[in-house]
Amino acid sequence: MIIVMRHSSTDEEIQAVVDRLDERGFGAHVSRGAERTVIGAIGAQEAEKAALADSLKRLPGVEQVVPILKPYKIVSRESHPEAGRVRFGSAEIGGPKVAMIAGPCTIENREMLLETAQAVKAAGASVLRGGAFKPRTSPYDFQGLGEEGLQYLAEAREATGLPILTEARDVQHIEPVARIADAIQIGARNMQNYEVLRAAGQSGKPVLLKRNFSATVEEWLKAAEYIAASGNLDIVLCERGIRTFESAMRNTLDLSAVYVAKRETYLPVVVDPSHATGDFRAVPPMALAAIAAGADGLLIEVHPNPVEALCDGPQQLTPKRFEGLMDEVRKVAEAVGREA
Amino acid sequence: MIIVMRHSSTDEEIQAVVDRLDERGFGAHVSRGAERTVIGAIGAQEAEKAALADSLKRLPGVEQVVPILKPYKIVSRESHPEAGRVRFGSAEIGGPKVAMIAGPCTIENREMLLETAQAVKAAGASVLRGGAFKPRTSPYDFQGLGEEGLQYLAEAREATGLPILTEARDVQHIEPVARIADAIQIGARNMQNYEVLRAAGQSGKPVLLKRNFSATVEEWLKAAEYIAASGNLDIVLCERGIRTFESAMRNTLDLSAVYVAKRETYLPVVVDPSHATGDFRAVPPMALAAIAAGADGLLIEVHPNPVEALCDGPQQLTPKRFEGLMDEVRKVAEAVGREA
Amino acid sequence: MIIVMRHSSTDEEIQAVVDRLDERGFGAHVSRGAERTVIGAIGAQEAEKAALADSLKRLPGVEQVVPILKPYKIVSRESHPEAGRVRFGSAEIGGPKVAMIAGPCTIENREMLLETAQAVKAAGASVLRGGAFKPRTSPYDFQGLGEEGLQYLAEAREATGLPILTEARDVQHIEPVARIADAIQIGARNMQNYEVLRAAGQSGKPVLLKRNFSATVEEWLKAAEYIAASGNLDIVLCERGIRTFESAMRNTLDLSAVYVAKRETYLPVVVDPSHATGDFRAVPPMALAAIAAGADGLLIEVHPNPVEALCDGPQQLTPKRFEGLMDEVRKVAEAVGREA
Amino acid sequence: MIIVMRHSSTDEEIQAVVDRLDERGFGAHVSRGAERTVIGAIGAQEAEKAALADSLKRLPGVEQVVPILKPYKIVSRESHPEAGRVRFGSAEIGGPKVAMIAGPCTIENREMLLETAQAVKAAGASVLRGGAFKPRTSPYDFQGLGEEGLQYLAEAREATGLPILTEARDVQHIEPVARIADAIQIGARNMQNYEVLRAAGQSGKPVLLKRNFSATVEEWLKAAEYIAASGNLDIVLCERGIRTFESAMRNTLDLSAVYVAKRETYLPVVVDPSHATGDFRAVPPMALAAIAAGADGLLIEVHPNPVEALCDGPQQLTPKRFEGLMDEVRKVAEAVGREA
């Protein structure tokens, strides 16, 4: 942490900063320049620094407080120079094989889930996804099958051999999801729900952490750090589009975030083009772009009959289109030295 | 809802849209123009329209589906032409008197809360605010006093006569908060947490609903509609800044949202310049601007010793500065035909 | 254009809208629903519609005016269902071969330009780019070699056979650039400079139109329409990143814009990952992602010695890295059924 | 400028940074911490720092380069601790009196300009504005009266005594505008057009500099610095809304920018609520908010018959509404210790 003093700051003001640092267990390194005096905080308890920075910003004569260290350490490349691999049951994310995680937005009933599971398995998917708990954005909307849906997922796994990923939307969902699923999804809206992050971190199951549509990459990685600090290093990041001024698609898919997240951390990164675009026609080009950008896998929504889907119809692929996409993904994966 | 067909759409495609509308209980009004055929959906079950729109978007030949009605009705000005007033205990929000809601970010202990409560009461505040449940954005951060904090709030109310507002951060907090506080705050992060909205809607206590920093005004009003649909019309909206490319302040305070929210709904609107700016020096000008823009009140963070605050130190006012702000607020309130 | 009347609108207000439409040469189609009366404007002079919409918005009782037609027609897929191809001299953009447009940010001197031209030619580039006119963002910055730079470009073309693309930054630059270059670049800052668009449209040379970093795709396509309406259909679009809240990279590369622009228009679309990211390390993954997303080419900044570059050093590739990128681009291009 | 080295940086890499600084005339102050080595660049040629920073970013082992000084100096409060006042003819901006700059978007003809000028003068405006040169966003749009419009402005000044402000949209407009008008407006689209900035800086007339709708406050102040560096200190800043994800109004008026610009510089700041909102109904509350936030004046579009306006009809006030607004502005100005 570096404290930049105002041009007009006095010796007393500079000393007050040094004293405050000392009081909190930090050394101070004062460097007086022609235009600004700069104070470097040295050493000690990283964990206290955010509160300390806040406190320093209130002191007279302080112009700005510049953090030098990134707000994530356990998940950083600095700590783990090698790219990591995470297992969702029998599937590996982060290895040479690109992971295809596919399934319906919502589990509407037993039949549609089994039908979709068989179809995506046949096409080459490696993980089955499906929503059991759904938010009700309107009092009239379908809210998911809950625990019943989890049972259908378990059946679908039995029938196809595909490991299953499903979302825990609340801290109470963590336990049932962790009991049945191979991996827990934390949705974009919960990316900074610290109770959910902690519970997922203590669940013993791998976690897929979606980026919130208005979170910076740094905030996203800080959320991953929170899970890691709770004892769980099996984390997969998932980019799903951010909110910008552009409204041609539902969100703006930020593929440079894949690059940044993989440069900064050892965690595998997958991409969800279905939610990013909200339009099944745009899913294939964005899926291929994600693989070319270095993503370790894709989350693709697949529904046997999207026109009748209870949620997110416009973005779900038919099983047939998903099969076509798999062929294209294989070619691009090979072109970048991977397989699918 | 209006369905715009592509230039190249066929008669069969147009008929398929009409059939689908009929199937869902809507009439169809087809208007064939030189450039586009446009189909108006007439009548019936509004509640089904979002799912219907999704379904229509998948049909061949459909270019776009344009909603005509706003996604909020109960809280709209159309339903309630008069501006509404909401009571937080003895305080009224939305009347001629501008409501000053003040207090610390977090209740750190009994003494600091009582001291702050006395100070803001003396300066002219009408409601006391203070956080009992706090998110832990780092495993090392202070997480609030919980139910103990609620007790201190009740004591402070007893001591000062000020009604109290505090945040429920989770569905489990709604019951204890509703039991003790005069009004329940739903924070920006929970603006689209439908379980929390519903529980607040059923709590019997008035609700202050903060706008999420990446929510459109329409989404914010839709969240208010959700609370209203759960049976609670005593809702106060709170603008607290949005995330944009500008980073000079923590967020960009969107005062035109005050205008839009008051034009579209009957709900009172207050503004939180403390969170919007993150800087105590910017709080007074933004507070005055909010009043001039038509806000019905302000949420101001006040702390007896901000340099030592456990959270949000940089944005909290000292009691003395709050007193100075009250004087300025009174003058601007009078200038726009109100009082404070 | 559809005019939605307020719930409370009167018959007189509705009639006033119909009269205004009639006065401007439009028919009106009034549809009275339970919740809203909707008026469709029929026929006639598209060109007048923006002014007409503005005028209608002021009339009492009007809630909103919804455009039905896109603000571009000449460049639309509707008018040209086939994807177009544009020639920059000997190079074709939009055909099966992905176009690699490479060269330095700025022409610093004759030698560096010739050296770079030879290197990118050897690596397989199809067009040479280089800036002759540069903005001076500070009074102390290098401002480009101007006409002298254009001469060096002509020499480099002679030496390598590569067609040349360079930017006209002002309406006065159009004539000299059009005289020498094979194609005129319109930079992001000039995307809505209508004098420059018109002059480029009348220049007789093909145009590469960069998207402004805060322009919607619709505004970008409208700018292309302006060039086309000035008589020039040889337009190539270039996506180069948009400004969002995310600051990990210089801009957020919006690859879904490639999809949207190609769906909406017949124009070829290329991508500039150098400006989008501002970081040479991020250029290769974003370049490959662009090709996988369907881009018809890339704009890549290459400099013989980026550490000493007079501008944009951090984002320029060395010739050696560019050569490596070409190999990767070839593989991904083939994977998506193209070549490079 | 501070250079932060990677955790893994070697002594050779650190030395290479020190050498590069030395080569460019800077001293280096190396501070080795437990987690990072930090190098402070000391002294000398500020002007070279941007290029130097770019060059340092390419050196191996460098993690980030952190600027310490603001990119504006001449216009900074540090250089001019007192708030400045700028004269537009007989009007003063930045003094106790809030400046009301009013007039039509475009000068449509002599009569309408004179009528509007008389009306705004009678209501209490201090400066007359009106557009002579207009951008043609469509080949069919009205493009302004050009020099003829300037003559009408001069006539209106003669008739009313109001000083006149009008926009130069291109470097060629600077001379005719400077010859006739009392102050030159640089529009949002030209905020970073350095030729226009320089020409305005050398024109000898005061300049009103609008913020681009996607510029940060820092970029805006840097543009003002460019004018100042060209020899002109008579600059007035104008906030007119920024582009965000929110689309309820045309732009998001950023009133905290008024606070930041006045804290950072000595320049007066005015606000244009007409362009920010695009809706005459929203102009009054945003105008009052601007004054309460500390703005030194307002730019208000006024048209005798907005329904028939050739441009921006929805946002222009009638003279009668402007008169009503003046009354309200006076009250709020007094409430914050000013007059109008």
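The chains carry the letters A, B, C and D, assigned in the order they are written, with residues numbered from 1 in each.
Simple rule for what comes next: a residue touches a chain if its C-beta (ideal position, glycine included) is under 8 Å from a C-beta of that chain, and two chains touch if they have at least 3 such contacts.
Every value quoted in this text rests on a predicted model; they were computed, and no experiment measured them.
S.K.: Quick one: which of B-C, C-D or A-C reuses the A-D interface, over half of the residue-numbered contact pairs in common?
M.R.: B-C
S.K.: Could you let me know which interface, B-C or B-D, is made of more C-beta pairs in contact?
M.R.: Output for the comparison: B-D.
S.K.: Please report how many Å separate the Cα centroid of subunit B from that of subunit D, as a whole number.
M.R.: 32
S.K.: Taking each chain's centre as the mean position of its Cα atoms, how many Å separate subunit A from subunit B?
M.R.: Here the centre of subunit B sits 27 Å away from the centre of subunit A.
S.K.: Roughly how many whole angstrom separate the Cα centroids of subunit B and subunit C?
M.R.: So the centre of subunit B lies 39 Å away from the centre of subunit C.
S.K.: For subunit D, which residues are shared contacts with two or more other chains?
M.R.: 214, 243-245, 247
S.K.: For subunit A, which residues count as touching subunit C in their complex?
M.R.: Where subunit A meets subunit C, its residues are 214, 216-218, 242, 244-249, 252-260, 263, 276-277, 281-282, 285-286, 288-294, 328, 331-332, 334-336.
S.K.: Once bound in the complex, which stretches of subunit B touch subunit C?
M.R.: 2, 4, 7-8, 29, 31, 33-36, 38, 40, 42-43, 66, 68-69, 78, 243-245, 247
S.K.: Please give the residue numbers of subunit B that touch subunit A in the complex, ascending.
M.R.: Checking each residue of subunit B against subunit A gives 47-48, 50-51, 54-55, 57-59, 135-141, 170-171, 189, 192-195, 198, 213-214, 226, 229-230, 243, 280, 306-314.
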